[in-house]
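Handing you a structure now.
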Amino acid sequence: MVSITRKAEFSASHFCSNPQLSPEENRALYGKSAGPNGHGHNYVVEVTVRGEVDPVHGMVMDLKELKAVLEREVIEPFDHRFLNREVPPFDRVTPTPENIAREIWRRLSPHLNQNGRRLYSVRLYETPDLYVEHYG
Amino acid sequence: MVSITRKAEFSASHFCSNPQLSPEENRALYGKSAGPNGHGHNYVVEVTVRGEVDPVHGMVMDLKELKAVLEREVIEPFDHRFLNREVPPFDRVTPTPENIAREIWRRLSPHLNQNGRRLYSVRLYETPDLYVEHYG
Amino acid sequence: MVSITRKAEFSASHFCSNPQLSPEENRALYGKSAGPNGHGHNYVVEVTVRGEVDPVHGMVMDLKELKAVLEREVIEPFDHRFLNREVPPFDRVTPTPENIAREIWRRLSPHLNQNGRRLYSVRLYETPDLYVEHYG
Amino acid sequence: MVSITRKAEFSASHFCSNPQLSPEENRALYGKSAGPNGHGHNYVVEVTVRGEVDPVHGMVMDLKELKAVLEREVIEPFDHRFLNREVPPFDRVTPTPENIAREIWRRLSPHLNQNGRRLYSVRLYETPDLYVEHYG
Amino acid sequence: MVSITRKAEFSASHFCSNPQLSPEENRALYGKSAGPNGHGHNYVVEVTVRGEVDPVHGMVMDLKELKAVLEREVIEPFDHRFLNREVPPFDRVTPTPENIAREIWRRLSPHLNQNGRRLYSVRLYETPDLYVEHYG
Amino acid sequence: MVSITRKAEFSASHFCSNPQLSPEENRALYGKSAGPNGHGHNYVVEVTVRGEVDPVHGMVMDLKELKAVLEREVIEPFDHRFLNREVPPFDRVTPTPENIAREIWRRLSPHLNQNGRRLYSVRLYETPDLYVEHYG
């Protein structure tokens, strides 16, 4: 079994707050991340696809296609955006790293799960010291 | 001559726009960075102080003091903020990397230029692929 | 399934030697690491916790709590210490990277295995080119 | 269960082309990588071995031995080579990252799968933004 | 005075050999780099431009323009090439890191030295552990 | 003018204390670094040599020679040592980063300042977030 992983970056702003909770609860839960003006990160996303190596091509999947899907489905709509205001569903779903990784998974998997290969994981770094990983 | 350099990070959002220019001019000049909702970065700042090495202490300056000044004057007021709205003078001055580095210089130099040493440079990374450097 | 990983660093010294072995055997086994005065590393530890994402909070666990546990149980007692002399059980257990990772696991797991989540792995870098990983 | 991972680098050139395919098909499949003069990378390989920690030695395996095997079986024959011309089987097998990782696995596993431990994965970075991983 | 630095990468192959020298002299001088089939690197180039900050724009130069010049003059012609065969003057000039950095300087400076700003340095990493820097 | 920079690493332990000062003064000045058992770092040293590019060789200096001098004069005597006890003059001179960089300069410069080139700087990272730089 072989996997291929492609890394990309996007710069976005967000804040973490849940309208079901009071301002005090949001501040207690999310700390400095709760400020409604937002703050930002250079998010790094690593997408891993697993599958068999095609015996003729020698590849799990065409890397140019993987780059194009990642660019079209994630980088283009997320980069240089205020996630809470400009990227659904983050107007309703708190853009914690966990929820952003899940949304990236949701956007990518229909385009990657074919020809015997499948999306294996989405890793999202919010800072160099913190990442989350979503498995299908 | 010896220098000491300390690195720190802050996560902030910003957008680049000059009210003296039209929306079209701002978009042409700053591209995706002109969006008024803002977007964000994990900014990395490297502060370099030059001076003589104290013959007893063996240091250009007390590292604990350098960390404390950087934390108090830059990280605390900038981290998890929307620069254009929450951190003067960026309500009036476009927060390009060049202008952010100059403001960091302005805030740090009074506290570091003493006892024969001086602030030598402020380097600011907006992304891992782009940095500016301000020299006094 | 989702995981969250937090990275932290500590600077410590150690040496590798087993009193059950002769000096020659220790030197053959551990090479330059056997010198009893010790030498040091900037150890990097990455702690991964797996669990369900809380539907209200949008998090596997409160990141502030994860940082506090890691700081209190590992960084505070290990940082700026000579492991063999100052941090039990390394007065009796050779502080190889494998044994250090196991000890970090032992210290962290009681505080992280609750509310349906569990400590999944402890990765410890001794240098940028060498790491070990402990799984429960 | 514990693993130990060792990282090493080699600088090599390669190109991707399959003689069963036409030049147009090769160009469509491999893009800029199909040019027959070759181009190059600083490949980074991370080799992970899993096993039990020896209760006396405190190690999964002797790190000096792991370094020696990796150096002798991979770095020495691959470094500063044109893979397609100088390193079999890449005269017949297209040196995609997937195929290079498989060949590294094939060369290393006989020397590492012993004494209760086994080669767990070979990760190969072609650039900092792209890696493949081979599992046994 | 302020500078702006932009980083980019290209993957190329090269070998170091001077036709004025004998094969033995070339081997003694350049070691493993003398092999005529070539080998490769992920070269990283950092281009630094110094100048005044435009009081209206808040920038030393338009970053989009800097990226476009670097892409057009260096990355496009160098990436995925065998420098000795495909990129003049390296058919006649040994592509040591020093000579590659000088050629990058020669290609970039006419496009960057204008409007009061100037190309200040070209840094070229051949590997993460080795770089050269060319000053005008 | 061109420079060449070579990076290398050594793992050592040290503590910072000046026998002219009281234990309280040492603790106030050096904080956690004053503990007499020592602690450690993966020190990274970057040595920069400036000079003219030899018109035949295309190099500021022979890279193999630079690596050999750095290995022989610095890495071999410093690596896996307790600096205060095993590496003169650190039995008498406090091994602050500033003083270690100066000692590296003192050891390297006689071997590098020749044939029209000269040692330009020694940069020493104690951690990824802190470095000092010594200029001749």
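Labels for the chains are A, B, C, D, E and F, by order of writing; each one numbers its residues from 1.
The definition used in the following text is that a residue touches a chain if its C-beta (ideal position, glycine included) is under 8 Å from a C-beta of that chain, and two chains touch if they have at least 3 such contacts.
In this text, all values refer to a predicted model and were calculated from it rather than measured experimentally.
Peer 1: Can you give me the shortest step count from chain A to chain F, moving only between touching chains?
Peer 2: 2
Peer 1: Could you work out which pair in B-F, C-F or D-E copies the interface of A-C, where over half of the contact pairs coincide by residue number?
Peer 2: B-F
Peer 1: Farthest chain from chain E, going by mean C-alpha coordinates, please.
Peer 2: Relative to chain E, the chain with the farthest C-alpha centre is C.
Peer 1: Taking each chain's centre as the mean of its C-alpha atoms, which one ends up farthest from the centre of chain D?
Peer 2: B
Peer 1: Using mean CA coordinates as chain centres, what's the gap between chain D and chain F in Å?
Peer 2: That pair's centroid distance is 34 Å.
Peer 1: Cα centroid separation between chain C and chain D, in whole Å?
Peer 2: The separation of the two C-alpha centroids amounts to 28 Å.
Peer 1: In angstrom, rounded to a whole number, how far apart do the mean CA points of chain B and chain C lie?
Peer 2: Once rounded, the distance between the two centres reads 34 Å.
Peer 1: Multi-chain contacts in chain F: which residues touch at least two other chains?
Peer 2: 128
Peer 1: Which chains touch, pair by pair?
Peer 2: Listed by label, chains in contact pair as A-B, A-C, A-D, B-E, B-F, C-D, C-F, D-E, E-F.
Peer 1: Mind listing the chain C positions that touch chain F in their complex?
Peer 2: 9, 11-14, 32-33, 35, 37-42, 79-82, 85-86, 127-128
Peer 1: Mind pulling up the chain B residues that touch chain E in the complex?
Peer 2: 16, 18, 20-21, 29, 31, 93-94, 96-99, 101-102, 128-135
Peer 1: Using the touch definition from the top, list the residues of chain E that touch chain B in their complex.
Peer 2: Within the complex, chain E contacts chain B at residues 1-8, 48, 53, 56-60, 62-64.
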